[in-house]
């Protein structure tokens, strides 16, 4: 249980930080980290927890079908998204926020199917990006109620954009990930910064 | 007095959090929680307290007519609103903030008598809302000086909008509530987020 | 020295809070409190101190001509303004911030000689204001280098607007005061909130 | 090693403060301080560290060619810029942030080659500035990948603007400096405040 405990502490810390910045208000947002690979075990935030008070005791363990294998409570309703990202990207950690700018921009750019961010130094904070000239395309997917049913479509989107470090859900928020929790946290801060920059630059539309 | 002590500690915590986010500056805002039902006893913030330093010692107990039954000091001038909400909704806790966006939007939409918020995932943070397609109508009431006299009108508004999770007072702020303090706190964060999103989207008007 | 110690601790706390909100960045802002009346002794922040680290040891004591009577270091270059406010209003404490909105609005409304704020509930946080229908007129004075020489003009402005709870210095910031430190702190939060509301409402101009 | 330890603690504190304000998200930003002059030894943040958790253990020591002389890890990729500033200005400390407004304004004003800030009281927080009538010209340089190769051009820019307290890198951020760490920190807060003021004043463009 060593890996789980470490992941749980790290997830709680990341959740509290996201809440402090206003990116996970009202029990929104969820965070996960892989704690074992064969078979898969994912540590993930319990549903309905105030992220400003998130503690390791609010983290569950689920298997590759989202069934709870450790801890008590209901896993996040979006566990299927986390599992799809882990499967498609080999991610070690996934961060999901409901921030102001991801909410507004995912709606404003929905018709184009995504949002391009290009030419900012901050892009180099994304894994594998070596130059600010990089063009990051964030796919935007429609918001739905049943993410388990939507998993195949989500996998298609991830496969169609193999370079993407994140995607947006329309009027809902941001999903990003990383090799481990530190990288996912870095991607989160990088992308939230860039979304605010792009948002302020293009507002009022 | 166990229930009162727990409520007082929770109210102080919620007040400090609201102040930290800039939603209750300058001693504005007030917060209450039901501690007994038969007869009603309501724990509520004392008038004129700096919410950044709010402690359990600043919480009073009042009865269903707003008379102080415990603690020292004057209850908030808006105690009548809290009592009306508790009576009309069966709420266990009420939160009132003077935030920037509730102040501006309550004025901008006053002529329509309310503000609609629709299609955001964050809406699912409101009790009983199962889909982001939900349309939340926040009634807007005029600001007055004497809320005790206004109580019947306020009850009418609450009855006319039985689904509303909150209402706005023009150029004044937001009132929301919940079954208990945690739910009221969640509704507060959800609505403040949504008001900022709607505000930024529609500005400049 | 009891009164001085208490004032110094209170001033340091107020300064750190203003810095945290971004109202006193880069050693800007200064804060004072009367500790004795006959003869006058004023506790005031030392010049050039980072308000994020403000401690009681950074507070000096000056007399009614701004001469240091206790502590080491140079008093703020704007000590003359604090003394003028204390003399004209009988204030027990004075708070001065360099906030974003006081800087921008003091310039935008300079030609009118002041800024009116009217009809907001938050106005009732100002001492003696009993209704949100209140109209607060904040005089705007030009920024100068030598405030000692400017003291007579400043006194005239204060006398010409006996109801004003504050004034702005063009492209410089806000001055407000109160009967004691708590009231000055409340006026500061109330006015910074109102300036942001008015600023966002009128932007872009 | 006394000077290094003191510098390392001060740099870690400055980095955490910049991160808290959102000026150094996603491991962006870097900070340095001179700890010895003959030969030069510079304490500087290690590459890729989360500034929200920056500790003294994340600070390296480098010589005047950027070679590591103490500590473990890779120095920031922009060490050459820090060294160029120290050489050209005799600075004792350098602060670099990736803030929202420095990112946006460095792009908006790139065609003019710089950004003028004039007439604000806050300018007096810059070393040697005695009047708010001061006009600060912040040169803007293009963003590049290889700063070591760019060092001569950067030195030319610094020599061409001997009065400048800072410069911007296009779509990248702000560089400022000071005689010591406290002065660099003060310049950072002063300039970030002024950039936000100028940015909000001129937006939408």
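Structure notes:
Going by the order they are written in, the chains are A, B, C and D; count residues from 1 in each one.
The rule is simple: contacts are C-beta pairs under 8 Å (C-beta built on N, C-alpha and C of every residue); 3 or more make two chains touch, one makes a residue touch a chain.
Only a predicted model underlies this, so the values are computations on that prediction, with no experimental measurement involved.
Put simply, chain B has to spin 90° for its C-alpha atoms to lie on chain C, with the angle rounded to a multiple of 5.
Interface note: chain C and chain D, two copies of one sequence, contact each other through mostly non-matching residue numbers (shared numbers fall below half of all numbers used).
The mean-CA centres of chain C and chain D are about 31 angstrom from one another, to the nearest whole unit. Each chain gets a centre from the mean of its Cα atoms; for chain B and chain D, those two points are 44 Å apart.
Touching of two or more other chains is recorded for residues 203-204 of chain A.
If you draw each protein chain as a dot and join the dots that touch, you get one closed loop, with every dot joined to exactly two others. Looking at which chains touch one another, you get A-B, A-D, B-C, C-D.
Chain B meets chain C in the complex at residues 22, 25-28, 50, 52, 98, 100, 103-104, 143, 145, 169, 171-173, 203-204.
The touching residues of chain D, counted against chain C in their complex, run 17, 21, 119-122, 125, 130-132, 182, 185-190, 192-193, 196-197, 200-201, 203-204.
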